[in-house]
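We call the chains A, B, C, D and E, going by the order they appear; numbering starts again at 1 in every chain.
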């Protein structure tokens, strides 16, 4: 952890309209297990991701979606099983190309601007976007002097998302990034995400918003009680879910 | 704050099917202003609520919805203007009949069960529901020994909601209570809320979920930049919103 | 028993008291503090017997009615210690006053306790006798430690400085290094210890009986004999002189 | 420098010799400091938490005063207690001067501000998170304060250890009110001071090492206790 | 008890008389303690934060040791420093024994464990929240630690004040390495000890009151500073 990270310049969306191969893929997860205090929270998880685009992770509360993201990102240590990004184990270099927006935004006890500066400083190449551009995009420039932790719930989520994007990752984990964001900003963020996806960034997103997943996802991972139940093309998943749990989840019925 | 609160026994839903007059209403808000550091965050707010049922508060991020709830609940002190619950100013007795589910659940650093016990102890009449019943209703009984702050995001929200209900309030403020809850549990919670509403509890809920508001709300308060733009019957609001901001909000366009 | 530190540090009580307790079945608790504090504590009735060495202060204590009657117990003498190099060249002097003059002239570092203790008062009276006022040089060559004898000696040894101490403390002192006694034997350096009982009329809770027993015992032939017998490193520390 | 090395040997000898006098002194040191710190926590936790939580006029003054009292000089505390309980003092009839009780009282006075001020800080940080939830529940202070103390319990252990460190190392106050009387009120620190004044520096240092070992074992015990309890229902 | 009341009068007189000697002593006390506490914070903050943040084998032992060192007896510190810098000691050539420098060094050794242990606790509590975010950003320790210290800065002020309290009130160590030499190394606490040993209890107490007033004003200044800065970008 001693060596400092160099961020690649933010992918210029206008110059890179075509999908280019993401150097971090494929992701291969094999027999992943994670438990806390004898409780098996993620069990026998096998997954292969080589699609570009956005992978949606869905499943009822407590299914283990957030845990899975943290395992894939290397924040948690699995009990057993392997995670390989482009045939590399999860080392510091792999991790530096990733970023994550947490379910609960973790904001520094500083101003909004300082929260952005904090990650910008960390990137040694001058990112093409300035702090001001980033904040304007997130609709927070007006509040840049305000303590970040006094922002409204939705504003905090926006700031966390903007901060993650400022690191110009190749892989971006999103844990319910629009949960408390108003409908129009949600739309706007979805457009952002589409553009980012098109610039070759792999997005892995947890969401409970079925409409959103339909709009954005190219494939869906459905989890239940720590297990993978389905991993299919998005269209197939939403039209003809196989497992009864997924059917119940999508129809808004109680998933047991 | 020295005197301890006596909770009324939890309204028995089966015995009180009819709407009975809520002793806390009407709510009358006049010329309410709230500012922090010269910034006017809630301005000239006038509102009268005497309807039973669920009032939805809607508006874009940062509109001041959470601030409004906290003002109505007496957690924040307004700069000027008045709040009257049933012609009473906001005193300790009025507040004891209220409960609030915060946008970010605040859970004690204790087990799930202890979080419920904490409010049950506080209610001196034995609430009709036991801790176990409450947790089973919230689908958290399995996890009752787990540290509450290690629950998943959705589970935390459920716990916070269950805890607020355990105090058997007459007025319940809900700040985006289903933001990170899965679709089926959301449905289940909506059913809960309907039953509670029918037992005579007044619900005041902030939500960004238009479908949810349509299903539950009897009237809608639409806020924008700290001001009240509309307060009408829910059907009227969703079918023919008057202000351009509300129109934009509902259609998912950018609200400026 | 409120006592000076010098007698306590010399180990005299550790030697005497078990014998006394065996003789009389009276238990003695020693509070060893500076002479000034000891007198103050005794004035507050926080002790039954006072054993110190500052004759003027003791007589004042009696005169003001805090104590009953003062007895001489024993004496020893003060000495001047210093580095073997002896920069002020006082080694062969007979007179304390002469030594002080030489020290002042050469501005050799001299350490004073500066704490109003019996030793300090003695030292000041010697300076006065020599017609000198060292306090004007305070902080330069004349340095007041404001501490007990042991601490002052520690500093003196470290600073290669002169100091005046009672012989008992010096003999029992553990950190002498290469220091030597450079001047002693002057009759001006006589160090008298006195013992007295606090006034039972002022202090109603005191153990008058025990206090009497102790004073009688230490002034008795047996007590005095034991004091004479107490030796450290082959040297007698205190010389009994009860009348 | 030979003192330096010889004191290690001395400390070792002291320890293995199980000298009865030494054990007595160690016992008294532990007894006085532990009792003082427990009582100081019983007073200091609610006091600090109250100041953190309550809003009353003059709260800032109390806050500043409490912080300043962390710098209460032990000798001054010793003198104050001495004046109170000396036979000439108002509490002279208690007859506790030069007793372990007096030393415990002096140490409590010394430690309470430390425990209370540090508790105030920790609880204030926690309360920032809980405040609105508690006010929403209309909780009386009598429930808020214990709840905060309980939820901060693992962090507060460090506060107690800071208080204990101060107590076990303290000499200025206990020597005045205890008198450093052999077999009655002689503690580790007063012995160290005594040996220093006798010029027995190596022995003094050896005693210091023993004292350090003592607080090391207390700390290790507390740490083990905390570790075994911590994974239960806490995050 | 008449000392008790007279000492208030005395303290007042001392203060308004602007006695040159007293001012010198106050100045030295402040200088030594403030320098010591600043240096201790410069060492103790990163040290405590590192222990809070880093995971290395033996971390628990370091943790326990640090907590135990809060109970470092001043006299022992004094002796250790004394042995190091005495003429016979390895650092004797520095020639700093019985100088303010020596007192500062002793106080630093005394305070660093306090600052570091309390910092560890506070930073650990904060780090629990930030940990995953920082690891997600792959931040090197050289950025994590300053960031945590900065974000905990208002809470850490109380830690510094605890250290300052210890320093300004401390007598055992400074009297050994400073020698309490008049006009050279005499501080408030050593004067108090001296007046006590002289039996001038009222004067000693009066000096104690002056000292308390001193730390009260330092604390009030810090409080004002914090209050004026706090509403800027912090929550």
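The criterion applied here is as follows: a residue touches a chain if its C-beta (ideal position, glycine included) is under 8 Å from a C-beta of that chain, and two chains touch if they have at least 3 such contacts.
Just so it is clear, the structure is predicted and the values come from calculations on it, not from any experiment.
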Any chain that touches subunit E and subunit B: A, D
Starting at subunit A, fewest touch steps before arriving at subunit D: 2
Contact pairs, highest-scoring chain pair: D-E
Centroid distance [mean C-alpha coordinates] between subunit C and subunit B, Å: 81
Between subunit C and subunit D, centroid-to-centroid distance (C-alpha), Å: 35
Length of the line joining the C-alpha centres of subunit A and subunit B, rounded to whole Å: 30
Residue numbers of subunit D (touch at least two other chains): 88-89, 196, 201, 235
For subunit A, residues contacting two or more additional chains: 150
Two or more partner chains touched - positions in subunit C: 41, 148, 151, 154
Each pair of chains that touches, named by its two labels: A-B, A-E, B-D, C-D, C-E, D-E
Residues on subunit B engaged by subunit D in the complex (per definition of touch): 1-5, 70, 73-75, 92, 95-96, 98-100, 102, 106, 108-111, 114, 118-119, 122, 145-150, 167
Contact footprint of subunit C on subunit D as seen in their complex: 86-89, 92, 95, 97-98, 179-182, 184, 194, 196-201, 203
Of all residues in subunit D, those that touch subunit B in their complex: 129-130, 132-133, 135-143, 147, 150-151, 233-235
Complex interface listing, subunit C residues touching subunit E: 33-41, 114-117, 138-139, 143-148, 151, 154-155, 158-160, 177
Residues on subunit C engaged by subunit D in the complex (per definition of touch): 5, 9, 14, 29-32, 41, 43-46, 148-151, 153-154, 172-176, 203, 205
